Structure formats: structure tokens, C-alpha cells
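After this come two complexes, each holding chain A, first together with chain B and then together with chain C.
Then we have the complex of A and B:
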């Protein structure tokens, strides 16, 4: 019976909890809280800062292993930005894309640390990022092209009769970018962590069921290890995918197809 | 629950689902180094050296200290688990699998990354060293090319002295030439003046003689005397011819 009571939802690991909170009946019931997501985002910030410090290598010209890792990330993101947006005009958006990539990657990797918390599995965080990016790209498009920006919704060479329908579809697809961009990242991280959690729950129950079952449980354990490796790959791939898509949305805003 | 509370700490620990793992944990190592794996035809390391490498991996200098660390570690783990400082649950499985992956990444990808990083490091170092050597050789070449001009100060000093001397001589000669031409022009003018004076005096003398003769010719006495003289001269000539 106690086993049933102790079953924890796989979503429990994603619950946002208050670690420290200050509730005061001043300034309209002031409520300041340090939540676990806040803590882990802060840790991520410090981690990026520390890696940056390590990479600076006391301002020496010859790089160390940390600098080379940063330079590799730099080169990767730079090639994405110049390849997706423009060789010349894309450079302006590189700092933003680099920060976005490093932020998502570090948060994904922090989520991969045992007993930690995956901030990027939270839709509120990823949606904030994706809505900001798409809204920014839209504002960019309007500021650059004015009302001609709406030509983005008109596919080239489309028959006049189909135009209202296609414009509607394009408009909906444009709006869906907001959701899809954030959803993709959070869903991947969320599902990966949930999968690991569920499988490990099963494996744990199998392995603790008896002496023979302990050995039987080693097989699903091997699967979990394989999935952990996959998750590590996903942490990198999702950061890259987010940046690639953000770049392509910015390109749409800049060039209108 | 009441009965569980009534039990001793040992039995309480047994009631927890952590117990089977604790009892069977040594079996993991047994499984890993069990004989079936040794018979797979894949060339295996000598079991003795494998065991020694595991022992060497432990911290400590002697067998005694290694044993102490091992037993202390095991004791602390047991104490932590039994006191619920560490709870073995599903999350432990995730932790185990993630740590395995990190270990694998560290063991297999780590050296590769290290090699790559070292390659980049060496590449940049070599470029910088090559640039430094190029610069050194360029500076040396420049020094060598400039070395030919090292006696330029003495040469310049000599040339300066010589030039000064020559200039002084030239100035002196110029002065001499100027003086000579000055003297020549003065003497020329003097000669011209003297010539003019002489010509004027001759002209005056001729004029005075002509005037005196003209004056004398206008005198009848003289004319008469001339006539007489002329007649006498003619007579004398005639007489001479006739004689």
C-alpha cells in the first residue's frame, strides 16, 4: 500500500517551488520569492560567467581548452547566423544568437545534472523566449518594410482565387511560430526527463523486487543509460535548432521570403 | 505503521525498499568481473594487472591506507543510507545512468577533445612563434644591411673637414680673383685714361703748332723770309745741277 502512496508523478520534478519567499503586507502585499527555477537560472548565469572567465585565459593570446570550446561554439553559431540570415546583414544578430544558444545549452545541461532542475523544460521560460524572438522579428519586419511586411503572407505565384485561404493559412502558420518554437524546446526536454524518470521508476521497482530481478533490471538500466546519452545529444541539438529557427524568422522579417 | 515504529533501526532499514540494493550491490562488481566475460574470445587484460589498476586508482600510498579508504567509504555510504541522509530511489537510477554517460564522455570524448584543443593550441603557438622568428630575422637582416653604414660618422666628419677646407680655399681664391679683376679693371681704366690724356696732349700740341704756323704764315716778314729762303734754295739747287 505504501508503495502506491509513494508513487510520485513523473511531472513532480518540474514543479516550481518557493525556496525562499518574502511576503509582506506593504507596497500592495509585496511577495518576493526565490523559486527553484530562479535558483537554477541564477546558477546558469554564474556558470556562463565562470566559463567566460576561464575562457579569457588571463587575456593570453594562445587559448586554453576552455577558450577553444568557446571559440568552437562561437564558430558554430556564427556559421548558423551567417548561413541563415545573411553573410553581411546577419552579423548584427550574432551576439543575440550566441547568448541565446549558450543560455539554452547551459540550462539544458544543468537539467542533465542528477538531482537538479531543468529550467528549459518549463513552457513559461521557452514561450517567453520564443514569443520575444518572433515578436522582435515582426517588429523588425514592420520597421524595415512598413506595410509591405504583409506580403510575407502572400505566397509567390499564387492564384487569385486561392489568395484569401492561403493568406489565412500563412497568417496562422506565422502565429504558430510563436508556439512551435518554444514548444519544441520545452517538449523535448520535458519528454526526455519524463522518459528517464518513468523508465527509472520501472527499473527501480524491478531491481528492488528480488535478487533475480536485480539482474533482470540491468537490461532496462542499459536502455536508460542509452537514453541519457540521447538526452545529452538533445541538449545540444535543441539549442542549435532554437537558434537556427530564430535566425530563419529574423531572415523572414528582414527579407520577406 | 505502529509495528514498523516498534521495530529496531535495523529492521526499519530492512523495511525500506533500499535494502535489496544494499544487499546486492557487491553483486554488481561480481557481475562485471565474472568469468563468462573472460571467455568471450576478446583479448582481455591479465586479471592481476586489472585488479592492480583498480587498486592503483584508489587514493592512498599503501595497501593499508587504500583499504582504510575503501572501508571508510563503504561505512559512510551505509551510514548515509541507513540514516536516510541519502535515499536510494528512482532518481538514483537516473543519477547512475547520467554519471555513466558523463564518465563515458570524459573517458572517450575527453582525450579526443584534449587532442583537438592541443592541436589548436599548438597551431596558434606555432603561428605566433613563426611570426616572432620572422620578425627577428627581419630585424637581423635590417641590422646587417645597416651595418655597412656603421663608419658613416667618421666618413661624414672627414668629409666635413675636407669640405670646410676646400670651401675656405675656394673662398680665398674667389677673393684673390676678385682682387685681381678689380686691380685689372682699375689698371685698364688708368691705361685708358692715360691714352686719352696722351691723345689729347698730342692733339693740343698739333693744334698749337698748326695755329703757330698759321700765325707765322699770316706774318709778311716771315712769308718774305720763307720766299727768300725758297728762292735761295732753288738757286742753290739750280747752280748745283748746272755745275
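Then we have the complex of A and C:
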């Protein structure tokens, strides 16, 4: 029985642990704590800040490799925002989208570091982001169009008889955006990390079970390394997808199709 | 009519001589040659000068990853790994 208790779950790596906590019997049992997710989000914030600060190349016009990296992230997000929303009106949303992109990207990449913690694999974080973005886009739509915002749920050229059904479908799909946006990001990161964890557990067992098996285990090890490269790509792609979809939701609120 | 075009009155005109001297003086006082390289002061500026300046290198990424591995391993050791020192599974 004791053997089974020690089996590591592939979900162990996502466990949120208390690192520091302050419990006091005041203000309704105040409990302030620093968890590992909080720690890694803070580290990500400082990392972005420091890299941004140090890669300025002393404000010279000709960039070095570090400032080119910053400028290319800027250009990428800028082209997403102006392409998705609007060449002119989309500029207002650029700072938000840039922060969103860099935040998700850096947290995805920090999650890829061995022994580290993937904050973006937690639904609480990604749902907070996605619900905020979609709710914000909805408030934007209402403030810009008033009650005409509901025309978003009416597809153009729709027959009157089908209208109630289509409005229902459009409404549900609009609500589903909240979930799908956050679910996509967290599920991708979660599944990638779990797969790597399970495969490396298997490979470790293969490679440690004998001399011949050590060399046999090099094949799955090569696969794991290749898959880590794929995960690195997913870290970038998911950050980009999140920003593209956030832009398209904001555009829906602005232009109503 | 032609005299107003040739020669241009602005060149060598007595009224503009002082102003021209000002312009020449301004450019004379400007520093010449290549701009001096900024001297790093403090640890952060030294780090920027060493790794992210003219000779940009990818080492800051290695440093960040190294620091994250150290931090992550310390946490994993404290919460989990030390309990499995003598009974691997």
C-alpha cells in the first residue's frame, strides 16, 4: 500500500503551495500569503521590466541584438492590433495588447524552465484574463453603441423565422468566448507539461533499469527533447493566439460585425 | 531686377556677419570624433554594459534560466524531493 502513496501524479507540478504566509486574528482572520504562483508571476513581472530597461542600448538609434528583440516584439504586436482592429482606431488598444502578449509569453517561457512553475497552466489565471477581456469588450460595445450592441447577435440577411434560434446560438457563442479564450491557453500549457512529465517518467524508468535499456531509452529521450522544442513554439503561438482573439473581440464590440 | 538675384545678398552681407560668426562658433564648440563610450556605474549598468551593450550576448537568458532552475529546485527539494532521498520510486 505504501508503494502506491508515493506515486507522483503528473499534476503534482501544478500544485499551488504556500511559501510565506501571515495569519492574524484581526480584520476577520486576515490571511496574507505568498504562493508559488504569486512568486512566479512576480518574477515574470520583474523579468519583463528588467529586460525592457536593460535592452535600451543606451537609447542609441542603431539597435543592438537585445533592442532588436524588443522592437520585433513591438512590431509583431503592433501589426496584430492594427491588422485585427483598425489601422487608425486600433492604436489605442496597442499598450494593453502588448502587455497581454508579453505577460503570457514570459509566463509560458518561465513555465518551460525545468523545476519551474507554469502560471499560465492555471485556469484561475487564464480565466481571469479571458473574462476580463471579453467583459471589457462588451462594456466597450455598450458604451459605443448603446442598445444597438445587441445587433451583434443578429447575423446579416437572416430570415425572420430563424431569428430566435440564431440569436440564441449567437448569444451562447458570445458567452462561450469567455471560457474558450482562457481554456485554450491553459489547456495547451497544461497538456504539454503533463505529457512531458509522463513521458520523462517513463523514460527515466527505462533508462535506469539496465545497461542495454539505457541506450534504448535514448530514443524516447530524443523524442522528449524534440517535444520540448514544440512546447517552446506553443508558448509563442498561444500568446499570439490570445492577443489575436482579444483584438477580434474588441473589434466586434467596436464595429458590430 | 537681376541684381536682386545675382549675387545673393545673404552671402557676405555685412548685416549677417555677426550671426554667421555665431553659427561658426556653435559648430566649433561641438565635440568632435566618435561619441565617448558611456562608463558603466553600478552593478546593473555593468551588467548591461557587459552583456546587453555593444557586444550583445545571449548570456542573460542563460543567467535567468539558471536562476529559475536554482529557485525551482530549492522549492522542489523542500516540498518533495528530500522525502525521496532513500526510497526512489
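By our rule, the second predicted complex is superposed on the first by the 252 of 257 C-alpha atoms of A that agree within 3 Å, B and C clash if a C-alpha of one lies under 4 Å from a C-alpha of the other, contacts with A are read in each partner's own complex, and residues count from 1 in each chain.
Just so it is clear, contacts are C-beta pairs under 8 Å (C-beta built on N, C-alpha and C of every residue); 3 or more make two chains touch, one makes a residue touch a chain.
Note that the coordinates shown come from a computational prediction; the quantities given were computed from them, not determined experimentally.
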*asked:* Taking the superposition on A as described, I'd like to know which of chain B and chain C A:58 touches: first, second, both or neither.
replied: second
*Can A:79 be said to touch chain B (first), chain C (second), both, or neither?*
neither
_Is A:43 touching anything from chain B or chain C once the two structures are fitted on A? First, second, both or neither._
second
*What is the contact status of A:117 with respect to chain B (first) and chain C (second): first, second, both, or neither?*
second
*Between chain B (first) and chain C (second), which does A:17 come into contact with in this model arrangement: first, second, both, or neither?*
second
_Partner chain in contact with A:214 - chain B first, chain C second, else both or neither_ = first
*Residue contacts with chain A in the superposition, chain B compared against chain C*: B
*List the residues of chain A that touch chain B in one complex and chain C in the other.*
3, 8, 64-65, 113-115
*Within the complex, which stretch of chain A touches chain C?*
3, 6-8, 12, 17, 19, 36, 43, 47, 51, 54-55, 57-58, 64-66, 110, 113-117
*chain A-facing residues of chain C, complex*: 38, 44, 47-48, 52-54, 56, 60, 64-65, 68-69, 71-73, 75-76, 79-80, 84, 87, 89
*Going by the contact rule at the top, pick out the chain A residues touching chain B in the complex.*
3, 8, 61-65, 68-69, 71, 112-115, 196-197, 200-201, 203-204, 207-211, 214-215, 218, 221, 224-225, 227-229, 232
*asked:* Going by the contact rule set out above, which residues of chain B touch chain A in the complex?
replied: 17-18, 20-21, 23-24, 27, 31, 89-101, 104-105, 113-114, 116-117, 120-121, 124-125, 128
